[in-house]
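In the two complexes that follow, chain A is the common piece, with chain B as its partner first and chain C second.
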Partner chain A sequence: MKAQLAPLDIAVISLVLFVGLLLLALIPAHLVTRNLAITTKITYTSNEADLTLLTLLSTSYNGRTLYSVFSASPFEIKSENFKNFFTSQLNKTLAYKLKCYSLIVDKEELKLGGCSSYDYRAAYPIFKPYNPAGLIGKVELAYQKVS
Partner chain B sequence: MKAEIGIILVAVIVSLISLGIITFSFSSSALSIATTAREIEIIRAVDMLEAVKRGLPYAFNYSFSQALYKLSQNGGFTTSGWSTIGVPSESDGPYWRVYDAVYLPRDHNFLEAAKTLLTSFSNEYFHELEKEVEVTVVGPEVKLNPSGDKECILIATNGFLDYRGSFFALEDKINLSMKVDCSMLKLLEKAKEIFVDSDGIKSEIENALSNAKTEDDLKNALSKKIKLDYGSIEIQPLKVALGSGKGAVLAKIFLADSQGQFTSIIYVKTSSDYSYKPF
Partner chain C sequence: MHFLQERSKGSVEVNVIITGLFAIGVMVFIYYIFLVKVVEIRSMVDEYGTERHAINLANALISNRAIACEDLGIVQRGILDKQKLDGVFNFSDDSFRRKEEVLTLLTAWIDESKLGNLSYPNTLNFVFIVDLDNCNAKGCYTWGGILTSPISLGNTQTVSFLKCLQDTFDMSGGAWIKRIGACGAGAIIGGYIGGPIGAAIGCAIGFTSTLWSSDDLQQCFQKAGMPQFFKEWFATGTPISHQGLPVLIRYPDGSLHTGRIIVSLLEWY
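Let's look at the complex of A and B:
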């Protein structure tokens, strides 16, 4: 006696097969789209911070570039004047309001807001005035958008 | 029996599809993470190259300032260890002035000496940079061209920035031209002209050397007080030598103070021929 499938069984199997194949097509499509979105966001986030810091390095402050301030007199970033200037420049460059930021130049730090972590981070080496003890310094910028 | 076969078939199909979805999900996520990491590394590398490129004028400017400082530290005389300039150091001898072996940069070319020092200092910057980030600055050729009375044009060409990533390499050419303040070099040239080329002490010793027939003549001719533009001096010869048409003098120089007292002592040494070194 042959074991033949009943029409109802065939219908159920076909339905399962159809739904399964549909899921097999839709879920990967969804995953690819989601991954692409995440990739783009991470790439953009990382690049945005880098480009923001690059832009700011060329900005002029009291007749000097910020690069020059960071490299020759990093202690200036602690002044109230500088803080106001930097905050306004950062907001202008990013074209959106910031929740908080942290700027670290060597051992000096300028902070606004009290974030515990930052999504946007950038760091570059900077050439410092000649001193055999160290020719290269570091400038780091981290900030967080208002969510 | 039929129902069982149906259930088994459905289970197999569901399992296969689930396995396919899970496998694809994992591989897609892994691929996506790897791609993202690679993209970020490339973008970061481009941004880093740009940051270093923007910093190059500062590195050259700081190197040039340090070169001027080194050069002017001893009034244009070079300091020990700067063998690249090819002259001995002023601090090698206990003399204030050694007229015949003028310890100034080769051919008295302060601009060339500054350029040599600038290249050396900028290389220090670039070596230090290599230790910090993956960017190598490969051999820019530096030129300093005078431009007007006080300025020079610093040109850096034929070099490139090199970024070696884990799976890629990036390069960017260095083509830089900037103005730097060269007034210190002009000052050194002027100082050399006044205090070395046309200095009264030098002419007194040279005159005595060319006229003296014996060593005693030479001593007598030099043992005197003379008046120069910057005050009265007294020469006291310590050692003199004459031989085969050549002569050399080592003398103490006393400078008169405002009360006319000869107190300050400096030493000079000269020879009519650089190779003639009797003492």
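Let's look at the complex of A and C:
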């Protein structure tokens, strides 16, 4: 006996095919916009982190710029005074509430909060005139804002 | 599972017809969602382009000799000169609040020559620089302005849309009677609710809503596409670039103030 499809079966199959085809068209478009969103976010976060670090390096601390502090006496970043100053300065620079940060100058690290990952990251080379191990050091800043 | 049961030739049960109509309804609904999604995606692609332009323009501005500090001829990126800002920006306020005073800003056009033609074409380039170390209870000291840019309205989508609206505008006597009737009906309802002012508003609503028929509008949307302004209005949230980028502002006494530069673009295609 020849098998026959009922109209409802045809409707259901058509619906499934229709939805499937629309999804096939939508998924690549969705991936493109997702990719664009991530690229834009990375462009912004890297720009902001870069300028935040650049701004902070020119900020004055006890009559010296932070650049010269990092350059000549990086161990100072471990002091409680410096931590308070840096946290308040970073908070003000960002204009949005800070969740956590990590500042690394060569082997010295200053941390606030316990974030497992950071969206905002920046690094700059610094000149270290009194360092017998090498004249070029690195300062790295990573932070996360409250979303 | 067969719902189609032929009792006699040519007769179909009601539940089968209802099921068929339901299936068609579901398909139409899914297609509608698909169209909305397509418009949203297209709008997001445009919006992210505008976002990138805003970030790029902010970066170009903070390295521009017209407003950035210079040391032995070398531009200090991200460090802006207070005196240069005063010279370039027509608008400054010691307690600027963007939302309330944005209309004031519309008069603060910055001449192209002052910033070396730095702007995107067919765009309103809003620029704000906020001094975060110079604040009072109302707000912070802010410089602001709109950079002028070359504008061409030739073949943009918005112009095509407006042209289509112009072409489909019905000037016949019947159309005007319909509009005047809608104005009168709106005035009666508005007057009943809110007196003379309500009547005026009701008349305006009635008149405006009958300027174009829904068929004409639909035709223009299909022919010229939805203008960028409408699409962004429907599909976008707060852009990330509106958070601004950090800068320093150097005052004549040598002190450095912490600030932010915020660039906001309104582009049309």
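Operating definition for what follows: the second predicted complex is superposed on the first by the 107 of 147 C-alpha atoms of A that agree within 3 Å, B and C clash if a C-alpha of one lies under 4 Å from a C-alpha of the other, contacts with A are read in each partner's own complex, and residues count from 1 in each chain.
In this text, a residue touches a chain if its C-beta (ideal position, glycine included) is under 8 Å from a C-beta of that chain, and two chains touch if they have at least 3 such contacts.
Because the structure is predicted, anything quoted here is derived from the model rather than measured.
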{"item": "Contacts of A:Ala29 with chain B and chain C, given as first, second, both or neither", "value": "second"}
{"item": "Touching partner for A:Ile38 - first (chain B), second (chain C), both, neither", "value": "first"}
{"item": "Partner chain in contact with A:Ala6 - chain B first, chain C second, else both or neither", "value": "both"}
{"item": "Partner chain(s) touched by A:Leu135 [first = chain B, second = chain C, both, neither]", "value": "first"}
{"item": "Contacts of A:Ser58 with chain B and chain C, given as first, second, both or neither", "value": "both"}
{"item": "A:Asn47 touches, of chain B and chain C: first, second, both or neither?", "value": "both"}
{"item": "Partner chain in contact with A:Lys92 - chain B first, chain C second, else both or neither", "value": "second"}
{"item": "Touched partner set for A:Phe18, first chain B, second chain C, both or neither", "value": "second"}
{"item": "Which of chain B and chain C A:Ile126 touches, first, second, both or neither", "value": "first"}
{"item": "Footprint overlap on chain A, where chain B in one structure and chain C in the other make contact", "value": "6, 9, 12, 32, 36, 39, 43, 47, 51, 54, 58"}
{"item": "Footprint of chain A on chain C - complex, ascending", "value": "1-4, 16, 19-20, 23, 26-27, 30-31, 34, 37-38, 41, 44-45, 48, 51-52, 55, 58-59, 62, 77-79, 132-133, 240-241, 243-248, 256, 258, 260"}
{"item": "Residues of chain A that touch chain B when the two form their complex", "value": "3-6, 9, 12-13, 16-17, 20-21, 23-24, 27-28, 31-32, 35-36, 38-39, 42-43, 46-47, 50-51, 53-54, 57-58, 67-68, 71, 122, 124-130, 134-136, 138"}
{"item": "List of chain B residues in touch with chain A within their complex", "value": "1-3, 5-6, 9-10, 13-14, 16-17, 20-21, 24-25, 28-29, 31-32, 35-36, 39-40, 43-44, 47-48, 50-52, 54-56, 58-59, 62-63, 65-66, 121, 124-125, 128-129, 131-133"}
{"item": "Chain A to chain C touching residues, read off their complex", "value": "6-9, 11-12, 14-15, 18-19, 22, 25-26, 29-30, 32-33, 36-37, 39-41, 43-44, 47-48, 51-52, 54-55, 58-60, 89, 92-96"}
